[in-house]
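Below you will find the structure I want to go over with you.
Every chain is named by a letter (A, B, C, D and E) in the order it is written, and numbering of its residues begins at 1.
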Amino acid sequence: MAVREWAGQELSEALRRELPEAVEGFDETAAWVNPSQVGAAAIFLRDEPSLDFRFLNSITAIDYVEYFDVVYHLTSLKQQWCAVFKTRLYGRQDLSLPSVYQVWKGADYQEREIWDLMGVYFEGHPNMKRIMLWEGFEGHPLRKDFL
Amino acid sequence: MSCQLAADNVLYANGLYRLVYDLVGTILPCWLSYVIAGLVMIFVLVNAVLLGAAVITWAERRLLGRFQNRVGPNRWGPFGLFQPLADLLKLLTKEDLTPDGADKPVFALVPILMVAPLVMMTAVIPFAENTSLAALNVGVLYILAVSSITSIAIFMAGWSSNNRYAMFGAARSVAVLISYEVPVVLSLLGVVMVAASMSLGSIVEAQVLPFFLVQPLAFFVFMAGMSAELNRSPFDVAEAESEIIAGYHTEYSGVKFALIQAAEFGGVGVVSAIAATLFLGGWSGPWSEYLGWLWFLIKTGAIVFLFIWFRATYPRLRIDQIMAVSWKFLLPLSLVNLAAVTLEVFLLRGPEGVLTTGDLGIMAVINVVVTVVAIWVFGNLIRDRVKFQARQPSDVVVPGVTTIEVH
Amino acid sequence: MQLPTGNGPLHERTWGIDREEGQMVNDLISISSEPIEVPFIEVPDDLKSNLLVTSVDALVNWGRKSALWPVSFGLACCAFEMMATAMGRFDIARFGMEAFRASPRQADLMIVAGTVTWKMAPPIRRIYDQMADPKWVISMGVCATSGGPYFGSYSVVPGVDHIIPVDV
Amino acid sequence: MTIRTEPMTVNVGPQHPSTHGVFRVRITFDGEDIVEVEPVFGYLHRGTEKLAEERNYVQVVTLTDRLDYTSSMINNQAYCIAVERLLGVEPPPRAKYLRTLTAELQRIAAHLIAVGFFVQELGAFGTPLMYAFRSRERILELFEMLCGARITVSYMRPGGVFADAPREFWPALDRFLEDFEVEFAEMEQLLLENEILMIRTRGVSPIPPEVAVNNSVSGPVLRASGVNWDWRKQDPYDAYDQVEFDVPVGSHWDNYDRFWVRIQEVHQSLRIIRQCIEQIEPGPARLELPLVLRPDPGREAYGRVEASKGELAFYLVSDGGIAPYRCKIRSPSLINLTIIEELLVGWKLADMIVSLGSIDINMGEVDR
Amino acid sequence: MYGFAMVKGLLVTLKNLTRKPFTIQYPEERARQHPRFRGEEFVWYEERCTGCASCAKYCPLGIIKIVTSPSESAIPQGDKYRLEVFDIELQRCMFCGLCVEACPYDALFMGSGFEQGQYSRKNMVITIDQLRNAEKHPSTWFRPQLEGYEGEPSSGRGSRSIAQGDSRFTYDPRGGPPLGWREVGREGWRWHQREKAGMRLDTESAEQAGAGDE
């Protein structure tokens, strides 16, 4: 009865059928999605009945100094499987990603948190205020160069 | 020079007053001794109310503690009896803040206006035979009139504090006070009708059978209404701590806060005394010539215990639900009670218009039945008409997991 | 309290307030780099021997110590231990302390229970100012005392005594 | 006739008696009806994720205690499971049972607090809360026996638990179960069918399952919305595949259901504890791991548990060092708060407090 | 009937009114303190400490300050560093007990006190002198030998058959006399053995060797 975890390859093939330009590759656990295509991929992942990823577990950003990874964990409650897709952003300034707020409202606070602590801006999010820290705080504390 | 009080004076019945009056009257002019005796009585009454308030705060804290399976204040003095004293001392020496935007004269007037009606109400309560300060023949009416002053005081507090929470609390409180006045008055009408008098002394004497047996419905409505008027649970929206901080007295501190607290707990005491007088037979009981005051205290204590017990048990209602309870539940009940009592009095009273003990017994039996039926009928009527239908189960229900569902 | 102005949804209208509050936090950080010392008041000897003053003082102090009303001020984990003291097992009410007042005006004692963040610092300051004299502050647990496990974090005050004077 | 009223914006918090810690919400009222809400948080943001990057893997356990301080054991468990997945190790069976048992005890304690405060916010003058704390106090005593602390337990370690339970723990647990039955029955008698509680909470703030899923709500709130999703069932960790229990599900999706689901979960937790006591076998309680752990570089692990508030997960990324390279905490309280608008808008001030109580947020976890 | 549950509630509270209160009246009576309680006032045995600073390294907060100078020998351990400073900054300590867990020589124990309110932060540092002179009431946190079942296999249900009154399991840190370093024993957990590899675990022979030195 345990939840099945999709391998990266499986997910990337499923995505590639519909959105060929969105998939950049895959690894053991996750499919890599082009940053500009995250919105389209999200809608597809949620609405396609054979995928049915209607539950967004979490969004995470990881700072690898040269680039940032943003990780999305998804679950389908109906089909009982879960999957991971990631996207990679190069550079350190003016990073932005399309928001998935309209697809999964659960992304609301998590995207704000990533903006606040990591400095990745989500376009299309209605309320990109700082969430944890106060206005006027300098820098984004979870970055590796923040002291 | 000796003064005599006319027998038709409302103050004549009070033995203590006459004693002081006579004593002082031997050396001073009559008008002055009249005033001095009055002042002595006021001194006694104010202290009685404040002492009562202190004892009730102590009792409430101890009893709540025990209801909640803990001890309550027990450090200072025997059984923690000095706790109210400590509270008072502390509050007296505390800084007396007035908020910046406050309407200062109104703000300062509130605590006095809160305590004054209580003291005024005690003037007509007979603590024992012939001990009420003023044996007014319209005692019930007087009490109802005076008790309404509190609502003005509360509104003044909310208005002058310049604080939103205080305003919220005051608005709620006044709404509650006004709507609960109606069923309370109607429930007292039944009492007045059976006793055929508005004087508290005569009502006590009429209670050969205590009125809470003769008119349980009226007693129920009176208690519910009074706990609303006193902002006691389950109707304590005015100072709903979890919602609006401390309600109308959010901004008060120091002495003023002490007075407001005293008024609150003193109010419980005075209302309990009134309830004991009107429904439990006041000072009457075995050896009431000597132990009337003791009977009175025991009965008052019982009512206070009831108030504390309710407070320990119930959550509070929402403001609109409180209004609904008043208008849709208590008001019909008090009307039913009034109608039943009117009919019974009309049918049962003898040619001289007097009800015998037997008549009261018959009324008690009938009214107990009426009470149960009425509460059951109206209780079911105010139940929310909307039956909460179970919703459609969602399509994301996972198969193969045993679930239990709420009914 | 300021009122939000302008049009649009609430979070749009509150930008101004947020900026102002952020500014307050930054100002507070810049002025509170050093802990505030509580001056220890020495009672003069001639006053000590004065019978009237001391006995009145003793009475008043007895009243104060026997009816300490804490303001309910739980911040984090310690708040639950603070509540536990008020609950059945430890029953702080025995000392007349169960009246956790919601309104700071009516409280004597502020128990800072839990980690104090810089964002929380201005409200703490404000509530402390709202309390009527005489008032005391207890810093409960290491988080409030010095930042504790979070010492050195970018958002944690290294001890609540940087913001308000602490008695215990 | 309609009376035109002017909308009024009120700031509730950050220090407000009913806000479960330092939570603040700006509300626009029309009369007593709520029109708009904007939650503001971060008043307890302590930078746990950043600090975790500076501590080694075992030291982070002490930080997890302080996330959701009403359920430290479950936080420990989630973190340890994540680290074990990162290392690719399995704890010994006795450790699994001990973890399951303590996590369920902690769940009872957390639900007791949730229920107690929920009723407190309904305006009960402390009594149900006192009863709840009375029972919770017994659980904390068991924890003190186990690991020497009441709240910040730090009981679990990657690879098991720090030490086996002391001998006096087992009889004490039996005594607790006996006492708790009685006390909890009392509490149910006081609350479960109370008419005042019913009319205050029935039909108030229903959350339809579709909305709940779209908002990533989890835990009792999701189950009260009619979705029987429980990670203990769906992705059994520790000893949960060995024990039987039911998943309570709400059918009205309202505040009462959220309260009811918690009450029922306490019963299920008791069932699990009994089964654990039956099934636990002697053996080691901890894997022999070095004090300083060094997972392989580039590995990542998403360890999740069903905490008392919902799905609690730690997402750990390793770079081969002694400290996690990234430690993301997926906190159920924060994400459950996403439904705050659906929950509050259109309801009254008094309902707002109760609804906030019904989703049972914990600021230590929201702000981290 | 509608309203019945409310009457039931009243009965519940009334029942509790007649029950004995749950309260422990603290200053006079004390809650039973469990031996594993992680209290303040660390217990430190200088005789055993080699100054390896494992505790300082393992402390998540870095609040243990150790200054040593080489060349001294400990009675049970052999060669060691001489300790000049051993400060524990209690004001930041969160009593997680990881320092005790890390100590390979069983020299550091958690204490069992909890009444440490101070008026100033400056007083909240435990110095080496305080540690030397303190009354030693060690907690059994991570020191199973004090719990009295060292060497026995840990058991599940079977353990409940052990009688409650067995004196071996009633170690009470506050109740008994202070313990010296010889009395607190050695931890015999297999888990710690590897850390202790190369140390002289045989306490008695070590004592004899120490006695010879003196």
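Just so we're on the same page, a contact is a pair of C-beta atoms (placed from the backbone, for glycine too) under 8 Å apart; a residue touches a chain by one contact, two chains touch by 3 or more.
Being a predicted model, the structure only gives us computed values, none of them experimental.
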Contact distance in steps, from chain A to chain E: 2
Chain of greatest Cα-centre distance to chain E: B
Chain at maximum distance from chain C, centres defined as averaged CA atoms: A
Whole-Å separation of chain centres (CA-atom averages), chain D against chain E: 30
Computed distance of Cα centres, chain C from chain A, in Å: 41
Interchain centroid distance [CA atoms averaged], chain A/chain B, Å: 62
Chain C-chain E separation of Cα centroids, rounded to whole Å: 33
Contacts with two or more other chains, residues of chain A listed in rising order: 1, 54, 77, 80, 132-134, 141, 146
Junction residues of chain D - those touching two or more other chains: 16-17, 42, 45, 47, 50, 62-63, 127, 130-131, 134, 137, 152, 190, 194, 196, 213, 227, 229, 233-234, 367
Multi-partner residues of chain C (each touching 2 or more other chains): 9, 11, 18, 87-89, 91, 94, 102, 119, 149, 154-155
Partner chain C, residues of chain A touching it in the complex: 126-127, 129, 132-137, 141, 146
Residue numbers on chain E that touch chain B, as the complex places them: 1-3, 6, 9-10, 12-14, 16-17, 19, 21-23, 25
Chain D partner contacts - residues on chain E that touch it in the complex: 2-3, 5-6, 8-9, 11-13, 15-16, 22, 31, 33-38, 58, 60, 94-98, 101-102, 110, 139-142, 144, 147, 149, 153-160, 162, 164, 169, 189-191, 194-195
Residue ranges of chain C touching chain E (in the complex, touch as defined): 35, 88-91, 94, 142, 145-149, 151, 159, 161, 167-168
Touching residues on chain B, where the partner in the complex is chain D: 64, 67-70, 164, 168, 233-234, 236-237, 240-245, 311-321, 384, 386, 388, 390-391, 393-394, 396-398, 401-406
